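Read the structure below first, then the notes.
Order of writing sets the chain letters: A, B, C, D and E. Residues in each chain are counted from 1.
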Amino acid sequence: AGGEPPPEVPDGSPAKGRLLLSRYGCTSCHTVPGVEGDALVGPPLTSFGRRGYIAGELPNSGPNLQRWIRNPPAIEPGTAMPNLGVTEQDARDIAAYLFTLD
Amino acid sequence: MSIADAAGAYRAAEEAAGERVARHWPEGHGLRGWITTVDHKRIGRRYMVTAAVFFTLAGIEALVMRTQLALPEGKVVSPGVYDQLFSLHGTAMIFFFATPMLFGFGNFLLPLMLGTRDMAFPRFNAFGYWVFAAAGLFMFSSLLFGVAPNAGWFAYVPLSGARYTPDLNLDVYSLGLLFLGISTTGSGINFIATALKLRAPGMTLSRVPVFVWALVVTSFMVVFALPPLNLANAMLFLDRRFGTKFFVPTGGGDALLWQHLFWLFGHPDVYIIVLPALGIVSAIVPTFSRRPIAAYPVIVLATVATGIISFGVWVHHMFAVGLPQLAMTFFSAASIVITIPAGIQIFSWLGTMLLGRVVLAVPMLWALGFILVFVLGGVTGVMFAIVPFDQQSTDSYFVVAHFHYVLFGGAVFPIIGGVFYWWPKFTGRTTSVRAGLWSFWLVFAGFNLTFFPMHIAGLLGMPRRVYTFAPGLGWDAWNLLSTAGAYLLALGLLVTLSTLLYSLRRGAPAPPDPWGGETLEWATASPPPTHDFAVIPTVYSLHPLWDQRTLDSFHEESRSPLHVQADGHDVLRTTELDAEPQLGVEMPEDTPVPFVAAFGLLIAFTSLLLGGYLAAIAGAAVFGFSLMWWLWPRDRPGSSGGGERRGEGEGGGSAGGEREETSA
Amino acid sequence: MSVTRGQRAAASKRRAAPHRRVPPSGRTPAWWGMVMFVTTEGMIFACVLASYFYIRFSTRGPWPPGGIENPELTKPLVMTALLVSSSGPMLWADWAVRHGRTGQLKGGLALTLLLGATFLGLQGSEYMEKFKKFSWSENVYGSLFYGITGFHGTHVAVGLVMILFTIVAALRGKFSAKRHERVRLVAFYWHFVDAVWVFILFTIYLSPKL
Amino acid sequence: MTALAHGDDTGSWGWDAIAVTAWIVVAAGGYLAGLRVFAGRRPLAVPAGRPSRNVMRLSAAGAKRLGRWRVAAFAAGLLALATALLPPLDHLAGERFSAHMAQHMLLMVMAAPLLAAGAPGLVLPLVLPPRWRARLAALRHRSRTVLRPLYFPVTAWAVHSAVLWIWHLPAAYDLALDVEPVHVAEHACFLAAAWLLWWHAVTPTRHRLCPPVATLYLFVTALPAAALGAVLTLAPAPLYPSQAAAAAASGANPLADQQLAGLVMWMPADVVYFAAIVVFFLAWMGTAERGNDAMTLPASSSEEAGR
Amino acid sequence: APSTLSPAGVGARRVAGLWWLLFGISVVVAVLVALLLAWVMARRTRAGVHARTGSGRAFVVTMGVVLPAIVLAFVYAVGLRDLRDLAVPRDPHALVIEVVGHQWWWEVRYPASGFVTANEIHVPTGSTVRLRLSTADVNHSFWVPQLAVKTDLIAGRVNEMWLRAEHDGVYRGQCAEYCGLQHGHMAVHVIAQPAAEFASWLAGQARPAAVPAGGAPARGLRVLEASSCAACHTVRGTRADGKVGPDLTHVGGRRFLAAGAIPNTPGYLGGWISDSQSIKPGNAMPPQPLAPEDLRSLIAYLGTLR
């Protein structure tokens, strides 16, 4: 995955986001292209940059994605995705990486 | 008439007696000839080709394994498949490649080196091949059904018991090895009988080529070492299938008993593999050093001693299982002692070369590469013999590095060198020197690049038999190097293979003796005719073809019926120790019975595997009845009377020189 | 069993005149084949008996374990007498065929066959008794008992088939004073099976009492 | 026959030790006397007219004829016998399993081969008066059919293995420890079986096995012996109650003592067998290089053939 | 890296020294042979060279028997000394830890303190610890390369070994005997701590699990007791008393989950509970279909178990 941030998240670092995906354990539920793991608990995050909605709830934009990553139950109370305590900067980097997937 | 060289000897003998003898040694053609042949040369070549196929398959398995291990957290194969891959790779390389390949060399070369016309039991020889092929089919086809052995090549209980591996995987393992054991034991017995009874007159035991000594010692080791393995596998099968408790601790059995029985076989087995390979080196080095091997009695003694000591070191594979320290000191000492025969052989070759005039032909390059690589593998073996170091490094990649250095370096290098050396004899063609050089250097580089980093990975704490590893433990780079090396090695082997195949199609025809060798096989055509020797020479020394008396005997003995044996499909029998000629023995003709018997066994083992015990009994019955058909005493034409087979020296004696019946 | 120095000395004397031909003597390849085959079989028996002792000496508590009582001796001793004595007629048959007496050859073989078959029958009846007390999946002692005696019984059965084969061939007049190698090899195998039984008797039946 | 017994607990030289010494002295004397006769079979070139009565010189001549190393071997064998059966080791053997096994090993792989190499069967009968010797020969001739199995190496191997294993079963072993005559019988069995075994390998008569066969023979002998050693070494608990009690009483760890004993059974025997194999083999192979003189090395110009 | 060449324990240090000795000897032998080979290739292949017919026996016996025998006798003696020094010490006061291997995780018991944990072994730095090794199923092997040589866990037997860490630190080890599908994911971590820290750790582990006050963790505790977790896992102080899987009483305080397969973060924990089979295929814990809300509260609860 590339070095420069995608337009949706101009100040995030995709390279760092890729590492963070495995550090927070996202890959234990999601299959993420470019990161090890093939779990299917949550939806696969393939081609995420071209998705319309996040979790069927929010329009897929940079800020929305960061909100979702930082606290999913706040957006969709019944979701199985837990609040993983992702910091603001980390959420930005993760979102940046996810938007490079298309 | 004085004969100048081996080619002259061959020509003189053919002129004198070729036609008379060839009449009785017809060659079978077509499919029928292919199935019924008992010619040791065809069977030997067949062994080698089949073993090479298994080598390729097992090597491709290794490539898949290396690809999986190239990067951390690899996802090329699932853990279940990886386990089957490394288990089948080890099992196949040890049992279905190394031993049969070297037995193929033995089959082809033993009668030629001894100056006779066939193995002692030609039909048994064919049977051994068919059993080997069937067992290989049995074992490898399991991979297609996903039930290949998956508990490693030594299949420790309880993991290999029915409780932890309920599927057929280990039934395939135990039955496949029992099946193969029939072939290996049979070949060993055949080599022993041949080497004891069918040597050319005058070839006393102290004039036997080192390669033959190696093969005979190996055969004795097979006879003594295979029983523990067969027993262990039979017990494992009974435990798994019929609920016996040999290895089940809760039933009073002992999980370590398996390890003792397996390694009581397993350690002698690694020398069963390496001794014939060292024998090949002992055949190549003198030829290209232009002098006899240095310290022949000592190297023969070293071979015998290796065989004997190897039965006393098995516990060095079990230094970490918690045995009494005293026992470990003993096995440590024995493992150290066994390096001395190895050192003797190394320095015997080095001495030969230092005193000789070395010709760096392609086979010699492989021998030189072998010496370096084998010493590197040997010294790590000596490290393991020191108990504390072994306890630290056992079951790590350091062990994997050791045994690939001694197995690939110690067995495959000589095998490839031997193929290049005897290729003219096997096929009647010569190989390209430049391609041979490419092949050697590619394999040499690829080999070291593959297996040297494994030492380091092992020292860095990487255990073996892991299907993947976590990043960041310092193992990534070494594994990547190994994988790159494995591909380079595969490329080198591909070049080797294509060199040989090209030679088979386009190579120049080979003379009888392209290298100026010292042993009798070079005094035959390339490839030898069905009867090998038209005149059986008399041997006066260790290096018959460098000895004027033996060269002359090819011509002189052509008047002696004893040495020509032209009255039938006969070979000459001599005494065990001093090779005094005794009498002619009639050899069996081509027959399909070995094929049928092996097929019956295949049915029996497959049915046992699948639980069809009635069909298994039926298969065993096919085997039994074909054996009876085989062994039924037949009156051969000419054996009822008038079969006097003695030299011109004596008239009628009371102890008549009748022909002998052969039993196998 | 082996070549002694006497023959060697004679041979070295003969070597002085390289072209003198000697009458045939010594062993045949088939003899060596049978010897090596018997060696490897003997090695299997050695390993299985060693496994028995290994298990026995590493078992804590009584042996046989699990409340199985010591094997009683009367029937095994009768079986031993039968099997060991069956080597006698076999020797007789071997001697007879070497002297061209094929009638006695058949008699000796038939007697051996009878004794061996009786042995197997007794072993079967012993199994029937034992099986009421313990099976091979009971514990490791059961596995060893049935495993070892069964393995030997299989060898006896194979030996009987070989003898039967030889009898049929003898009835067809295949053997004579000059052609009898198969008889000698079968006899060799049979003596081996007998000798192994003595070791098994000692291991399975006697050693628990020692 | 208490000659082969262990010493009692008094620690002094008891009657048994004296008896052992006496037997050894008698054997040595008989052997020397036999050597004298052995030398006398062929008239020696003595200085003219001076019949010598020098016993030692005649014995030395006999030794030369028999082979000096054989005489030395017999002497060493008697020494090994003495070491095994006389107090320092004999006392320790009562307490330590390992010492007891050392005693057995001395008997079986030191004393037996050395004594057998001394060929006393050839030498000792010469001491007897000629009439007795003739009677002995006649007896041996008459019993030859009965004794023939003794000349099969297989017999020696089977007897040796059986003796070794039977005496090491717990009941038999403890019985030997408790009852002195049984113990003597045990040692006699060991010595006799091993003697018969080695006789095949080292006898000067025509029955000696040729070296390749002897190699195989010693190898198959080593297997059951090593297996017994392995079983003892690897057993997880003491096997012999009274031996363990004695060891514990003397302050040793019974299990460690048993492991050491197993090793003592295992290793020295294997070393001796292996050394014997090497010696036989080299002596036999020494003749191998005689053929090298008549060799024409391949011409140096065959370099082209090589490349 | 868990390297045998950066030892941090007494046993491993001895063996590392032994390795350098063996390595030196091996280099000498290999270089000697390589030099002889080079000599042959350089000097014995020229045009003017003639083969000589001597037997060469003296050379072979000297180089192949005499010199190696001397070197090997020396090496053997050194090895014996190290072997004797590495024997299990008979120190009655040493801390005894029982390690039970399972497919594919380590059960760790502190008999003196009477608690059970998993996959992480805490030891006091500088003092000798005896490990009593046994297995619940197949053979495994306990190997922490930086601390001590490995010892196998053999079915039906109990083996002993000892280790003494010289410095504080976390030392990774791994099962070194092939034990089935997930043999590659059977790591163990030994954590060497100063004695005081170790004592407080012991005390903390001996306590039962804390009861959460309310909120998501309290609900998580109810989920744990009501669902199948309780059938396999023990959490001391709750109704969960299963014996199939690792003890979870203080799982929140561990560094890794599932024998080193994944880090112990809420994300990984959630993924592990939902579908451990995609993380460690073939392990004995089945996927747990839980309601989303239950899963989240369970993660929260397990996170509080420190």
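Keep this in mind: contacts are C-beta pairs under 8 Å (C-beta built on N, C-alpha and C of every residue); 3 or more make two chains touch, one makes a residue touch a chain.
This structure is a prediction, so every number in the text was calculated from the model and none was measured.
Asks: In terms of touching chains, how many steps apart are subunit A and subunit E, taking the shortest path?
Replies: Between subunit A and subunit E, the shortest chain-hopping route counts 1.
Asks: Most remote chain relative to subunit A, going by C-alpha centroids?
Replies: D
Asks: By number of C-beta pairs in contact, which two chains lead?
Replies: Comparing chain pairs, contacts are most numerous for B-E.
Asks: Averaging the CA atoms per chain, pick out the one whose centre lands closest to the mean of every protein CA shown.
Replies: Chain nearest the centroid of all protein C-alpha atoms: B.
Asks: State, to the nearest whole Å, the distance from the C-alpha centre of subunit A to the C-alpha centre of subunit B.
Replies: So the centroids are 59 Å from each other.
Asks: On a C-alpha centroid basis, what's the spacing between subunit B and subunit D, in Å?
Replies: Centre-to-centre distance between subunit B and subunit D: 39 Å.
Asks: I'd like the Å distance between the centres of subunit C and subunit E, where a centre is the mean of that chain's Cα atoms.
Replies: Averaging C-alpha atoms per chain gives centres 51 Å apart.
Asks: Measuring centre to centre with CA averages, how many angstrom lie between subunit A and subunit C?
Replies: 77
Asks: List, in ascending order, every residue of subunit C touching at least 2 other chains.
Replies: Each of 3, 8, 39, 43, 46, 54, 58 in subunit C touches at least two other chains.
Asks: Hunt down the residues of subunit B that sit against at least two other chains at once, touch-wise.
Replies: Each of 224, 254, 260, 290-292, 296-297, 329, 333, 357, 359-360, 577 in subunit B touches at least two other chains.
Asks: Indicate the residues of subunit A shared as contacts by at least two other chains.
Replies: If we look for residues of subunit A contacting two or more partner chains, we find 38.
Asks: Touching residues of subunit B toward subunit E in the complex: what are they?
Replies: Answer in residue numbers: 78-80, 83, 151-152, 156-159, 164, 249-250, 254-256, 289-292, 294-299, 302, 320-322, 325, 328-329, 332-333, 336-337, 339-340, 343-348, 350-360, 368, 371-372, 375-376, 379-380, 382-383, 385-389, 391-396, 459-461, 463-470, 473-475.
Asks: Write out the stretch or stretches of subunit B touching subunit C in their complex.
Replies: Residue positions touching the partner: 120-121, 124, 185, 188-190, 192-194, 196-198, 202, 223-224, 226-228, 230-231, 235, 238-239, 242-246, 248, 251-254, 257, 260-261, 264, 538, 562, 573, 575-578, 580-583, 585, 624, 628, 631-633, 646-647, 649-650, 653, 655-658, 660-664.
Asks: Once bound in the complex, which stretches of subunit C touch subunit B?
Replies: Listed in rising order, the residues of subunit C that touch subunit B are 3, 8, 11-12, 14-15, 18-30, 32-34, 36-37, 39-41, 43-44, 46-48, 51, 54-55, 58-59, 65-66, 136-144, 146-147, 161, 165, 169, 174-175, 178-179, 181-182, 185.
Asks: Where on subunit B does subunit D make contact in their complex?
Replies: The touching residues are 205-207, 220, 224, 260, 288, 290-292, 296-297, 300-301, 304-305, 308-309, 311-312, 323-324, 326-327, 329-330, 333, 357, 359-361, 364, 433, 514-516, 540-543, 546-549, 577.
Asks: Can you list the subunit B residues touching subunit A in their complex?
Replies: Touch list, subunit B to subunit A: 73, 75.
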